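Here come two complexes built around chain A, the first alongside chain B, the second alongside chain C.
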Partner chain A sequence: MQVHRFEKVWLGAALLLIVGFIATVAYGSVGVGVAMVDDSGGQINAQAVQSGNTGTPFDDPGVVQESEDHYVVYVVARQFQFVPGSGDDPIRVPADARVTFRVTSADVVHGFSVVETNINTMVIPGQVSEVSARFDEPGTYGLVCHEYCGAAHHTMGGSVEVVPTDEYESQQQQSMNETQLQSPEVGN
Partner chain B sequence: MVFVDSYPKTSKLVRSEFIVAFAALGIGALFGVIQALHRTGVFRGFVSSADYYTILTAHGVLLALVFTTFFIAGLFTWAVASSLERELPHRIAWTAFWIMLTGTALAAVAILGGLFGAPSVFGHSLSADVLFTFYAPMKAHPAFYIGAALIIVGSWIAGAAYFKALWEWREDNPDERIPLQTFMVLTTMLMWYISTIGVAVEVVVFLIPWSLGLIQNVDPLLTRTLFWYFGHPVVYFWLMPAYLVWYTILPKLAGGRLFSDPLARVVFVAFLLLSTPVGFHHQYVDPGIPEGYKFIAMTNTMFLLLPSLLTAFTVVASLEHGARQNGGSGYLSWLRSLPWDKPAFSGCALAGLMFAAGGFSGMINAGMNINYLIHNTIWVPGHFHLTVGTAFALTAMAISYWLVPQITGKPLRQRSLAVIQPYVWFVGMALMSNAMHRAGLAGIPRRTAEPTYDEFAFQGVAGTVAEMRLQIAIGGFLLFVGAALFLVVMADTLLARRGGTLSVNGTIPAPLSGPEHSPRILDNYKLWTAIALLLIVIAYGPPLASMVVDGLFAPGSPPIPV
Partner chain C sequence: MALNRRQFVGAAAGAAALGAAGTASAQEDPDYGGWFDDVSNFDGTVDRRGQDTVEITVGAQGNNGNFAFDPPAVMVSPGTEVVWRWTGEGGGHNVVSDGDGPLDSGSAVAEAGTTYSHTFEEMGIYNYVCVPHEALGMKGAVVVGGPLGGSGGSGGGRGAGIELSGPQWLLSGSVLLAFFSPLLFAAAMRRRYTEQPPATNDELTLATGPAPVEEAAETEPAVEIGHDEYDPKGTAALVAFYFVLIALLWVFMYFVEFLGRVTVIG
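Let's look at the complex of A and B:
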């Protein structure tokens, strides 16, 4: 088959570009460690999430401290709010700690993205999305449901409050004390 | 001889297909401008924010499914008849047309029912606010799914007419190479048959019985995976007809001829092989799918750039050849010797230019990790309005200026409107799309009636949010004007009486390098189909197996009406 010289050069350059793209993505995942959302979160019964009897932390979603440097945030997405996250119930996590979001849906497909970060996942009924991140900068981050989920989809937002580590720990202590005052049998 | 006189029956078919396509374009464009004004907050008086999603669903289905499929059916019908020099088997082709039209009517009624209070029809509320992707467990009226299935089935039958025409031609021409246009049509249809299996199984096996209450649950991850098995190749179903135009007609409009027939065939075979085993790149951030499968899809996606990059070369080389035939010279000043005042040419050329921009933003989407930043932001519609919304749509409109006179025998009317129309579209899309891309970088989501939240405010990146909104609104309005100009030209031409002489003809000059230079194996459809299926088994076999091994309907979700 006859191929013009210029076209051969172009073909070579195109292949180089393609291989280069694949190489950068491979480097991003192997070298830099950008992990993809995958099946690590496992499955869950969506109707049990809806009725709150999964027997998992999703029944009472919120932040759980797994270890000194690792916090797990359980979030239930439902029409049309994140629990926690929406309205006056922001997700509060410390800066400079490993934060793993575990998100699932109680009803339809939702999205979960923390604006201007790499935290961006689909939330699919029956599946648990798992994303880990570390916030370097304290501040308030926007939280968006980015998949259409029904007539009031556009109201489904929220926020993530990232607070400096020492402040977070003292606030945590304070709220624990308050909880103990109210109901001494919980607390430990 | 004019096409309509040589092939009157086929011409009538093409006209009917085009008229449905143009009607869908008109309604779809109207719904588009309503959205552009609504979500930017410029004017929210047309619909409530809840009904915005009805408009959005109709916009997506009417433009991405109805306009495209009917226009492609018309274009392919013309291309096969013209390149094989025979009337198409019209009974099969008309059956296809009526099935597709019935499907369109069912889906449209189901969607628009949402604007009229979703009355109960056959025990289900008549609405389908589920958008173009209809992700379960959001449930639409069963008529929506049945209608969508009929459109697909109709397109399959239309394909049968093209194949039957080829077999008839083959009997008379046992040793000839398949003419290039027919080769492109059939390669596209083979790709379409393979890729629509996914959505057909999703709709027929799962969603129709589920929406009728015959089965209780469906697995939302499995059904969306089946959707995206189809959802990426469908963009090549839109693109390959545009490529057919760019390869076979555009060089002639530029005053020259195609650079290379063999490479055009290679490009189409590459699309047949690689279009389908890439769907997971729409599911990069889906849970429940191991990273390895996403990586395979990413690699295939990147290689899918190759046929488009080759096309860029061939098309530009053909244009340059044409310009030099017109007396053009210099490194770049030959561009001035192209017929920019002929809308068929300028529309195709501008569509190609915008497709290059869309290709680059597509490379970002394909980049598995960088995609985190823009997934499901308004960047994505910014991207596909350059591809399906311009590379396909503007090419379709532009080539109609050339084709409609030939299938009607009527010279183009309102020529001055036609001349400016591609530029109006181009400017409108440049405004809307650049602002959408930048707004996406700021994290502003797609598919929302009001992209503002109580809890926080978006910060603009490379521009302010207010400026982007204004550009999207003005751009969307110009696009509506562009569509309206096109429809005025078409309506006036179609309704005119026959008379006068045509300034266009359908003869396609032979390529600089003809099919005799290409190996015959390129025309071996069985081989390429087998390899395409093998690649799909590799990319989709293990993940689909792991999704169904725990039960076809588990983890299950009952329907949730919206």
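Let's look at the complex of A and C:
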């Protein structure tokens, strides 16, 4: 069989391209530190999540500062909202810190997808989905449920607000002061 | 006997209702402005005037599940305490005013037996929703006083009847035009056909087109070259372009879109 030298060149180039694809994927999965979602979140009683007596932070979901540079966001997904996340209760996290989302469902299978990021997991009743990420840039990200969960699935969404670290800390301070001020009034 | 506050306000409201509607006994629904259009269990306004407390069930059957208030629309006297009682069905619910309004039971709760109450003093229509299930039609209204005709606790009602805005005219016009265009086309063809006189024989032959042309005679090639002597440079350039394109797409997809984003690190 006679193969023209031009054909030899582009056959070789095609093989090289395939090797290049495989090499970049290998680099992405080993060198960059992209992690997969696994079952490290553990299990939880979905009925207890629904009634709010799990004895875990899921009873009063929100952001918990685990250490200097590590924040854990507890989110309960239910028909048809994220708590916190939906409505006028966005998830607020600081930029440049490790943020772990621990998400569980109180009723049916939901999805937890932070738009324009790779944060994307199913939320299964009885299971805690755990994903960690680091937001470098402050900004507002959309949050959507991307697993069909019922008649108003299309309305289920929210937002994640990433604020600069110093701003986040001063706001935390402020809100803590406010609650301290407010508590005597509540007593009245 | 001195009237207490509730009786006094109630009497005043009754008088106002009489004045406004003429006959307070012949009840008609107030103008909710389409508020109940997507509420499956809405069946007119339930008149509970004259009672001190009125109870509304939260999580009642309706809207394809337990996503309803029962009764969805209730009419009460001023000074009445309205109590919302949770059935525990249909997930977490809450009671929040639509727009500005006095009702806010906080975040959604699912527990059976939960109650929330509000005492309505001002006359008006108070529209409210269950925030998580508003899209399903879990909406209600409390009418305080009597039929008032739209204005009240939240924004005013819209007029009845179909009103088309500019884009809606454009859309419905296009649909109608698309629907009738075959008829218009048929009419135009018919007109053209009747305008033209019947074709004569000469014209028929003209219409079939010119006579087929004889095929060009085959000529001998000027030069003959072997397999390796010919370089398909144009094809090579095209293939090279495709390679560059695929490589660029890969770089943007993998390194920019995937690795460049906020990514999962644990």
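The criterion applied here is as follows: the second predicted complex is superposed on the first by the 155 of 188 C-alpha atoms of A that agree within 3 Å, B and C clash if a C-alpha of one lies under 4 Å from a C-alpha of the other, contacts with A are read in each partner's own complex, and residues count from 1 in each chain.
Everything below uses one rule, namely that contacts are C-beta pairs under 8 Å (C-beta built on N, C-alpha and C of every residue); 3 or more make two chains touch, one makes a residue touch a chain.
Keep in mind the model is a prediction, meaning the values are calculated, not measured.
S.K.: Figure out whether A:R98 sits in contact with chain B (first) or chain C (second), or with both, or with neither.
M.R.: Only chain C; A:R98 stays clear of chain B.
S.K.: Return first, second, both or neither, reflecting whether A:V64 touches chain B, chain C, both chains, or no partner chain.
M.R.: Touch partners of A:V64: none, neither chain B nor chain C.
S.K.: I'd like to know which partner A:L11 touches here: chain B for first, chain C for second, both or neither.
M.R.: First partner only.
S.K.: Of the two partners chain B and chain C, indicate the one touching more residues belonging to chain A.
M.R.: Counting contacted residues of chain A, the larger count belongs to B.
S.K.: Based on the superposed arrangement, let me know which partner A:S51 touches: chain B (first), chain C (second), both, or neither?
M.R.: The answer is second: A:S51 touches chain C but not chain B.
S.K.: Give me the intersection of chain A's contacts with chain B and its contacts with chain C, in residue numbers.
M.R.: 2, 4, 6, 10, 14, 17, 21, 24-25, 28, 34-37, 86-87, 107, 116, 118-119, 141, 151-152, 154-155
S.K.: Where on chain A is chain B touching in the complex?
M.R.: It comes out as residues 1-4, 6-7, 10-11, 14-15, 17-18, 21-22, 24-26, 28-29, 34-39, 41, 43-47, 86-87, 90, 107-109, 111, 113, 115-116, 118-130, 140-155, 157-159.
S.K.: In the complex, go through chain C and note every residue touching chain A.
M.R.: Contacts found on chain C: 64-65, 67, 91-92, 107-108, 110-111, 131-136, 227-228, 231-232, 235-236, 239-240, 243, 246-247, 250, 254-255, 258-259, 261-266.
S.K.: Please give the residue numbers of chain B that touch chain A in the complex, ascending.
M.R.: 49-50, 53, 56, 129, 131, 135, 137-138, 219-221, 224, 259-260, 262-263, 283-291, 294-295, 298-299, 302-303, 305-306, 309-310, 313-314, 317, 363, 366-370, 372-373, 375-377, 442-443, 445-451, 453-459, 513, 517-519, 550, 554-558, 560, 562
S.K.: List the residues on chain A that touch chain C in their complex, please.
M.R.: 2, 4-6, 9-10, 13-14, 17, 20-21, 24-25, 28, 32-37, 50-51, 78-81, 83, 86-87, 89, 98, 100, 106-107, 114, 116-119, 131-136, 141, 151-152, 154-155
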